[in-house]
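After this come two complexes, each holding chain A, first together with chain B and then together with chain C.
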Partner chain A sequence: MADRTSERKQEWLISAPSMVWLTVLFLAPTLLVFAISFRPSTPFGGVGEGWTLQTIRELANPNYPAIIWRTVWLSLATTVICLGLAVPCAYFMARARARWKPVLLMLVIIPFWTNFLIRIFAWKVLLHPEGLVKKLLLAVGLVEPRDILMYNENAVLLVLVYSYLSFAILPIYAAAEKFDFSLLEAAMDLGATRLRAFLQVFLPGISRGLITAALVVFIPALGSYVIPDLMGGPSGEMIGNKIAQRVFVDRNLPHASALAAVLTLAVVVPMVAVIFLQRQKKPARAKEAGG
Partner chain B sequence: MPSTMDTSIQIEGVTKRFGSFAAVDNVSASIARGEVFSLLGPSGCGKTTLLRMIAGFEQPDEGRILLDGEDITDLPPNRRKVNTIFQNYALFPHMTVRDNIGYGLKVAGRAGAEIRSEVDRMLDLIQMGDHAGKKPSQISGGQKQRVAIARALINKPRVLLLDEPLAALDLKLRQRMLIELDNIHDEVGITFLYVTHDQGEAMSLSDTIAVMNKGKIEQTGRPEQIYEAPRSSFVAAFIGDTNFFEGKVTAVLDDEYSRMTIEDLGEVLVFNDKRIQVGSPVHLSLRPEKFRISRESPPENGRTNRLEGVVEDIVYLGSHTRYWVNVKDYRIAVTQQHGRFLLDEKPVAWNDRVFVWWHADDGFMLEQYREDDEELLTSPGE
Partner chain C sequence: MIRKWFIALCCLLPLTGFAQDKVLHIYNWSEYLNPDLITAFEEQYDCRVKQDYFDSNEALYAKLKAGAGGYDLIFPSSYMVSIMAEQGMLQELNHDLIPNLKHIDRSFLKLTEDRDMKYSVQYMVGSTGIGYIDGRVEMDEPSWAIFANEEYAGRMTLLNDMREVIGAALKYLGYSLNTTDEAQLDEAAEVAIAWKKNIAKYESEQYKNGLVSLEFLVSQGYSGDVMQGMEENEDIAYVIPKEGTSLYSDDMAIPVGAENAELAHAFINFLHEPENAASNTDFVWYLCPNTASYEFLSEEVKEDPAVFLDPEVVAKSEVIRDLGEENAKYVKVWDRIKAAQ
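Moving on, here comes the complex of A and B:
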């Protein structure tokens, strides 16, 4: 037991610097944002004295539910599509021959070498009414000349998926790489079809990677600002755009803070729930082991 | 060749190539129903590839595989009535022991209550009832092994394929599991196809052993046939240890014995059940434990051969001792149980002048000899 406690102490010592760093530069500002939500705004864009619930009441703006709904469903759709594309990618990367793996991994990472904004502008060029994609789709007859590919929810979704796909592939690949593929043979040996083995053995086997990928895509997607701003237009706005508007246009920091707080809660609550659920599973296992 | 009725698996001219390399090269074999048939060979000899083709994980490039007379060459693994024990057990880590064992029945769409009672029966057989709720990560290697066996047997396969099932266990556990496997085989009575590189496992478990080398089966036979009457230098050197002597037949005495001369060592009497002729070059294989060693001249009885040499090295190996005796240019490996077997009770020591002798019946003439196989032999200092 003595070893345990000294080990614990060491753990604390080692993690202290990063704890301090996160507290000062992350936790404190977040709490400040929460606090400012309860302050009155001043006409010149500052934060007034005293406390008020005025801003919270203003959140009942009839525009918000639609935007929040759109934010949530776009993020969910992005997550589902990214996972759906990432799982087969990761599967084939993990099963590829050893000398091909670094090449495939490189292909996933290469887009990061180009600035995020430039890549989004590239999509604007592609989807432009005179752009390559539009012309191609016209030639194949999939769109009408008057159809607009940009400035709608679908364009936002497309670019969200494009932007976050790599982030979904990497954790799933990491999990698939450690997956013992002889388990799939074992399942087929026991009578399972290829599909059944995939669903009942492979997916549970990479569940950690799937959870990580879902969080890594869903959370930043919820807070998207640049992508809907450039691709969405008024019909593709997300909550991130509203927060920016409140800061830069309305110069109403308390209102922006309140929106940001709602977004933060929307991210933190499900995350804590997931962690809590995983914690609950573990003690149950430990009990079985003891018996 | 046995009739289809008692043949469990028939392998007909099966070849599997990876690129230009033939992992399994035109192999034919016939495995009798209910026997333990071992594929024994060094790593890379093609034994696992052959097993994987029978399981359905690999497709042969040529040839057919028949199960109970039915061609299964093109069937996917999930439609073959065979089950596999994998080298690393391949238990599903996210399922409990109970769910692992019941998986095959669940896939087959059997009712929950039926699965439960069948799993209980298997848990009894492998004595793992107390561990049914555990995950594979919470049980030991030997227990995992038993779960893997139960998970395969519950499907009542016609053949159980075992791919180096004991390789991951330590020596003591391996010996225990070997006995357990033998008991399980007696109980279920189905055909076992056992792949291993460990001759001890193959010897103690098998009814029939097929020794594989470089994609081909070199010899098939009962364990004692393989050991006592190896056909090739590979089989002689891979199974156990041996000494090779090259020579020429000088006289065929009768149906059983011939004389041969070994260069520098002179003439020796050899047992011979093969049709050889005077003058033909032959290779003699003599296992180290067939020799006797002594300082005094051995008794003569007309059937023994003897050589005179000097002890070069002695290696104590616990259950026995290995002597390296130099006779002219030859270095002969001799194994004795212990050092105090001599009349004067003084053990043989380094540089002693000794006689080594053996009975003519204990030497074996090889039909096939390859120089490379000498590398498989133990030599001193290694």
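Moving on, here comes the complex of A and C:
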């Protein structure tokens, strides 16, 4: 018993630095943002005295549903496409010969050596209205001379997927690495088709990797600012861009805070849901291991 | 072991070198200052000049208001100078430290609100107009109506600035761009929404590169920016629409809490040294309103009607003024324009 309490103490000690870090640099600022959204704004960009529900009422702005819908839709689509591309990539990486694995892994990581912004600007060069891709598509007859490849939602989606794909591949690869591929052979020996073995044995086997990948893509995608700003057209705003407008153009910090709070809640709720689901799974798995 | 040393060395690297003590921190618009002048100033005053950039007056204001310190000299437009002065964010200037104030061109003082130069000194004056690709775009009679032309749909940009966009629409309709009349603003919103259907995006910075690379064919832009683009692509042309436009003066001011206020005064004076002012005008293609500098300007700049504005254009144009609480009306219209499909 005494052993266990000292173990507990140690656990606390070990996690104390990160707890303090998170409290001071994450929790406190987040709570401040929540608090400011209940403050009145002043015409000169300050935060007024007293408390008000005015800003919360202003969230009923008829222009918001479209922006929120676009943000959620683009983030969900990004997540689904990234997972769809990452699973086969991770599968082949995990099954590759041992000496090829580090090479493949490097190929996934190398793009990070180039600055994120530069990679986005590279897309602008590629999709230029008189650029290479346009000329190729024109030659094949897939686009009209007047079609514009950039500054629309599809371009935003394309670059979002491009930017977050590596973040999806890495956790799925890590899970696939640990997967026992002889289970697939066993499944097929027992009469499962390839597809069924893949869907019912492989995917559940890497479910943790899938969940992590979905979170690390979906959450940052929700908060996108730079990509819709550079690739999106006049109607391409996401919530991140609206928050920036409220801060820089409208000088309305409470309103920006309220939008940021909505975004935080949109991120925290699925997170908590996932943690809850994983907690529920754990006892089941412990039983399996015990039996 | 070697790796450990390597990491340790990397950590120490930033501590070596750059031991000069005085640093002048300036917060400016991008590509708005001849870098040769910075080098010359650094040598003359044995200091370092560090430049950060903002892309709108509002961004500058929001950052300083949120407590961003450490800047010795900022370059807000005149209307922002009056807001900041009113909010007690600017220091009063010591005219004894800026003897070159005597060169300031009085005829452009009407573009600024701080005419006694209590808080600010004019840096550059310019206009908002239309940059376009000559030969690809027909522009017989320059008008804001070009943005309604579907011929160039998807290849045009408007500034990502609510006052400039709504202002252009107001001018097009023949109203003042400082109006607070809601009926006029509603009308302008409709015009701006019609324009929006034809533009690639709202863009305040990249339009210059877009014109150079032919990504964009028509851009609402600031005179100097468009003319800087001409140096890289001679097909670019700049016009001021017949309906009039917005004129502006960007001024230099020293924020409260500046660490090197004296050095900042010296820099203001340095930039208004007639030869320096001329080399700056030649470089940025805006006009530094410094009478004594005009004789040093290159012939090309001297004859350019976009640098030395035509009095007729000035008569039809206005300076954007801050509207205080009435600003909210523009925010509402801007939200509507941005949300329109």
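Going forward, the second predicted complex is superposed on the first by the 282 of 291 C-alpha atoms of A that agree within 3 Å, B and C clash if a C-alpha of one lies under 4 Å from a C-alpha of the other, contacts with A are read in each partner's own complex, and residues count from 1 in each chain.
In this section, a residue touches a chain if its C-beta (ideal position, glycine included) is under 8 Å from a C-beta of that chain, and two chains touch if they have at least 3 such contacts.
None of these values were measured; they are calculated from a predicted model.
Model built by superposing both complexes on chain A: chain B and chain C fit together without a clash. Of the two partner chains placed around the shared chain by superposition, chain C is the only one that A:Pro129 touches, whereas chain B remains out of contact.
Between chain B and chain C, it is C that contacts the larger number of residues in chain A. Once the two complexes are overlaid on the shared chain, A:Gly240 sits clear of chain B and of chain C alike. Of the two partner chains placed around the shared chain by superposition, chain B is the only one that A:Asp180 touches, whereas chain C remains out of contact.
When both complexes are overlaid on chain A, the residue A:Pro228 reaches neither chain B nor chain C.
With both structures placed on the common chain, the touch criterion links A:Arg196 to chain B but leaves chain C unconnected. In the superposition on chain A, A:Asp250 makes contact with chain C only, not with chain B.
In the superposition on chain A, A:Pro204 contacts chain B only, with no contact to chain C.
In the composite built from the two structures, the nearest CA pair linking chain B and chain C is 39 Å apart. Residues 180, 182-183, 185-193, 196, 201, 204-205, 207, 285, 288-289, 291 of chain A are the ones touching chain B in the complex. Those residues of chain B that touch chain A in the shared complex are 55-57, 76-78, 82-84, 86, 88, 90-94, 103-104, 107-108, 130, 133-135, 138, 151-152, 155. On the chain A side of its complex with chain C, the touching residues are 43-46, 61-63, 66-67, 124, 128-130, 146, 148, 150-151, 230, 232-237, 245, 247-253. Residues of chain C that touch chain A in their complex: 56, 58-59, 61-62, 65-66, 83, 86-87, 153-155, 158, 161-162, 196, 199-202, 206, 213-215, 324-325, 327-328, 331, 334-336, 338-341.
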